[in-house]
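The data blocks that follow each hold one structure.
Note that subunit A is present in both complexes that follow, paired respectively with subunit B and with subunit C.
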Partner chain A sequence: MLMSAAFFIVIPLAAAAVCAFFNKKQTAPAVLANIVLACGLLLSLTTFSDNLGQDWFYGQAVLSSFMTIIIYLVSSAVAFFAAFAASTKRRGSYFAMLLVITAGMAGVVNAADFFTLYVYLEVVSVCSYALISFYNRPRSTEGAIRYFYLSSIASAILLFSISLLMVYAGGTSYEVLTAKILATQGSPAPLNIILGIMALAFMIKAGLFPFHSWTPDAYESATSPVSALLAGIVTKVVGTYALMVVCMLLSIINFGIANNPVGRAVMWFGLASIIFGALNAQEQKDFKRMLAYSSISQMGYITIAAALATPLAMAGALFHMFNHATFKALLFFAAGSVKRATGSTEIDSMSGLQAKMPYTAGAATVAMLSTAGVPPFSGFWSKLFIIAALWQAGFYGMAAAALFASVLTLAYFLKLQRGMFFGKPSDNIKDVRERGAGFLIPCFVFAFIIIAAGLYFPFIYDNFLSPFIRVLQ
Partner chain B sequence: MNSLFTPENLQFNYFVALMMFFIGVYTMAASRNLIRLLIGLEITSKGCMLALISAGGAAGNMPTAQALLIIMISVEAVVVAVGLILIIRAFRQQGNIDPTKLSGLKG
Partner chain C sequence: MSLHLFLVTGMVICSLAAVMAKRTIHAAIFLALLSILLAGVMFAANAPWAGVFELSVCAGLITVLFASAASMVGRGESYAKREAKIFRWLPLALLVFGIMVWWTAGPIFAPLFNAAAPNAGAPALMSVGDIIWKLRMPDLLGQLCIFVAGVLTVRTILGEGKDE
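Let's look at the complex of A and B:
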């Protein structure tokens, strides 16, 4: 592990210990958490190019450094939002858990070993259960219990595959596994079985289609900053990032693992969740629940690209992970502002919010268009990468289905827009006013990132994606 | 003690571990009580622990496997504690711990 990687884990943990001492204070923990996470974001941006030297397998260093940036970006935005939105007497514990979850995620992406990955996954999961059920409401306890059982089953499956890995390769680190893979060219059957079981565990953690049942419950029942954190980054890191690692390890021998049975199966799971998530989101009556199903659908895009594992698809998956973190977090922030302003997130219960909350509505519209893949927003580029990679590899049907699901995305978000934001203001929101700057700044920052990354895509491509593609080729 | 985890015993150990894994999964699928679900989960993860230690013995890497096992046991303890807290909360809020009757979230 690199020196700066240790900083990303140790400093938030130390700050969390300090926060826990100021449990009843209102401002001190929030300020400390914000400073630590903002410094972490700056550090992750400045050390990006230094970290590219050490690879445990092809492309791992770029993937880890880029994921660290996304983690700190979302966590610092969530901490800023929570400083204004989280009204609780136990602020110290709240921000301490936010810091521990960030440290855990940084540990997951900087781990060089599957067992280390497991330990950090459990750190992240335990903090997620606590944060989901933080406010002691029956619904959130229930959401947390569902998440707890499914996630624990996934952990057990992961451990079983780690034990098989130990028999097969004699160790659990990526380095040992890569060496073993390179030494036994041509007989990948045991490897396919082991990494296939592992992929199953990570698909449960990512909330892909047949294993999705906990996702909407957990996202809906948690408070908005926590849902933004969960949907924006936690499920990406514990599920999709780990799935990408598995796919990249598999693709060391058979490059472009689409012809490998595991890769093929994961691609079908990804396609199923793209379509299922998009179709289910059409029927939802609640803003946050619709966002949760939309999350399942977007997760499918990342998975399908990760399982295809061509350099173009991998770059698309990585960039879509970044985009999903920004636009989904923005949408959950907007949902939080709406909930705080009107007391409800039911789509049918109000209309014409745009007249009352113009800035929130504008930022949410940017995020929705980016999710649907409308140019010039950043979501367009990542979806273009993914669909072009599918087409290039000869999966014409899947490419067409992914394109079609993108139209479905636009359909359900237009329905949401028309129901909630557009039109004449309904009577029950007469007294609603725009929320303060604390709610708006994170939304604006993310809206700016979405537009800027879309318009200045060559900059992103040259600095972040092309090193990745170069290593993979 | 060490003779239990030799490479020759690997298949038998894995058989027992898999049995424990599926007994745990069956317990989780069949019971209507969150505490029993948690017990099923524990049986499942104990099966995984047995698999891990026998894998270490078979790969000739016993010290590493023992270290991993100790870390795993402590992680399990934390997870079980959090799970029990959630179950106690659900019981206090709703008065029962039947997973099929927890019906606040639908659709």
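Let's look at the complex of A and C:
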């Protein structure tokens, strides 16, 4: 673990301990959490270039540094939104949890060892159960319990695979594993089995189809800042980031996807998630539930690209993780604003919200178009990378299916727009208005990032993706 | 081998009993027993330091925390009784799973154990202090994070009880 990485863990942890003492205060915990997370974001941006040369294995340092930026970006926005949107009860514990989960996620992406990764995964899981069920609503508690059961099974499988790794390789660090892989290029079967078991654990943690049953309940019933955090970054860190690490190792073992049965199986899981998520999102009548199914579909894109593991696919997966973090967090913020303003997120229970909440509707439209991969928004580029990588590797059917699912994404979001935001304002929203700057600023910031990352994609490519592609090549 | 089998069987029984217990305090006691048996496994596997940690922290400290939390959160009792009903088929499911694993896992994992690293599991030539402070420092920090997260989670549950 890099020295700077320790700061990303220790400082939020210390701040969480302080926050917990101010449980009855309204402002102090929110201010402290926001300052710490904003400083963490600045630190992650400034240390990105310093970390590039310090690889444990191919490209992992670039991946870690980029993920740290995404974690702190989303956590900062969530803490800012929560400062205005969270309930007035037990705010100290709430913000302390946000800080500890951020520390846990930073630990996961900066780990150089599978056992360390497991320890921090558990930190994130414990905080997730508590945050989902924080206000003890029946639906949220049910979602938390489902997540607990599935996550516990995933943790047991992961621990089992780590113990097998210890038996086979004599260690669990990425460095030891890389050395073992290079020494046993002729017989990859045992490592394929172990990494296959590990990939299964991470797919469960990511909430991919068919392990998705907890996500709709948890996202719908948790508070909007928590939903934004879970969909925006938590499932990516505990699921797809870890899956990317495994897929990178699998790719090294098998010299690419051609001889890689585990990688191919993971690709099929990814494709099934893309299609299942997109089809189920069409049927939903609740804004947040639709976003939950949309998340399953988008996680599928990241998974399919991670499993393909060519440099182009990996860059696409990494950029789509960033894009999904920004547009999905924005959409959950918009859902939170709508819920606070109208008391509901039922799509058919209102119409014409655009007239009453024009800024929220505008920002949400940007995020929806980006999710669907419409140019020139950032989502277009990452989906283009993923589909081009699939096509280049000869997976024409999968590329076509991914493209088709993108059209489905546009369809369900247009349905949402037409039902909720467009048209003549319904009578039940005549007194509705925007909820103030605290709710709008995070939406505007993310909308700006989505537009800027799309329009100035060459800058993103040169500074963030190109170093990653260079190392992988 | 027979000692290991006895200890591991005892662990499976204790974990089942912990999940199926009708009172949360009983679940905490079975978890403590599980930790004691696990410590036995660690001693038998020539890892006395890990055994001592398991005994003192998991069987000792954590059990005290669980027991005090269980006595404070009285409303958890009805939930535990409901859960116990849900889990009544768990022993049978576990038995079927165990038999399936017994018959199928051998051929799958045989190549793995045949190719095991020669030094895997051998005691390292380092002191416990060096291992903890030099090699496993990030894990130690992670344990601290889990501890803070656990305390906050318990506090959240108890806090909600007060709200109600």
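Heads up, the rule we're going with is that the second predicted complex is superposed on the first by the 470 of 473 C-alpha atoms of A that agree within 3 Å, B and C clash if a C-alpha of one lies under 4 Å from a C-alpha of the other, contacts with A are read in each partner's own complex, and residues count from 1 in each chain.
Assume a contact is a pair of C-beta atoms (placed from the backbone, for glycine too) under 8 Å apart; a residue touches a chain by one contact, two chains touch by 3 or more.
This structure is a prediction, so every number in the text was calculated from the model and none was measured.
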item: Contacts of A:Tyr120 with subunit B and subunit C, given as first, second, both or neither; value: second
item: First, second, both or neither for A:Ala411, with subunit B first and subunit C second; value: neither
item: Which of subunit B and subunit C A:Ala144 touches, first, second, both or neither; value: first
item: Subunit B versus subunit C as contact partner of A:Leu13, first or second or both or neither; value: second
item: A:Val167 touches, of subunit B and subunit C: first, second, both or neither?; value: both
item: First, second, both or neither for A:Ala130, with subunit B first and subunit C second; value: both
item: Subunit B versus subunit C as contact partner of A:Ala111, first or second or both or neither; value: second
item: Residues of subunit A at both interfaces, subunit B in one complex, subunit C in the other; value: 115, 119, 122, 126, 129-130, 136, 164, 166-167, 170-171
item: Interfacial residue positions of subunit B with respect to subunit A in the complex; value: 10, 17, 21, 24-25, 28, 34, 37, 41, 44-45, 47-49, 51-52, 54-56, 58-61, 64-65, 68, 71-72, 75, 78-79, 82-83, 86-87, 89-90, 93-94, 99, 102, 104-105, 107
item: Residues of subunit A that touch subunit C when the two form their complex; value: 1, 6, 9-10, 13, 16-17, 20, 23, 89-90, 93, 96-97, 100-101, 103-104, 107, 111-113, 115-116, 119-120, 122-123, 126-127, 129-130, 134-136, 164, 166-171, 180, 184, 187, 189-190, 193-194
item: For the subunit C and subunit A complex, residues of the former touching the latter; value: 108-109, 111-113, 115-121, 137-139, 141-146, 148-153, 155-156, 159-160, 163-164
item: Residue ranges of subunit A touching subunit B (in the complex, touch as defined); value: 115, 118-119, 122, 125-126, 129-130, 133, 136-139, 141-146, 148-149, 152-153, 155-156, 159-160, 162-164, 166-167, 170-172, 216-217, 220-221, 284-285, 289
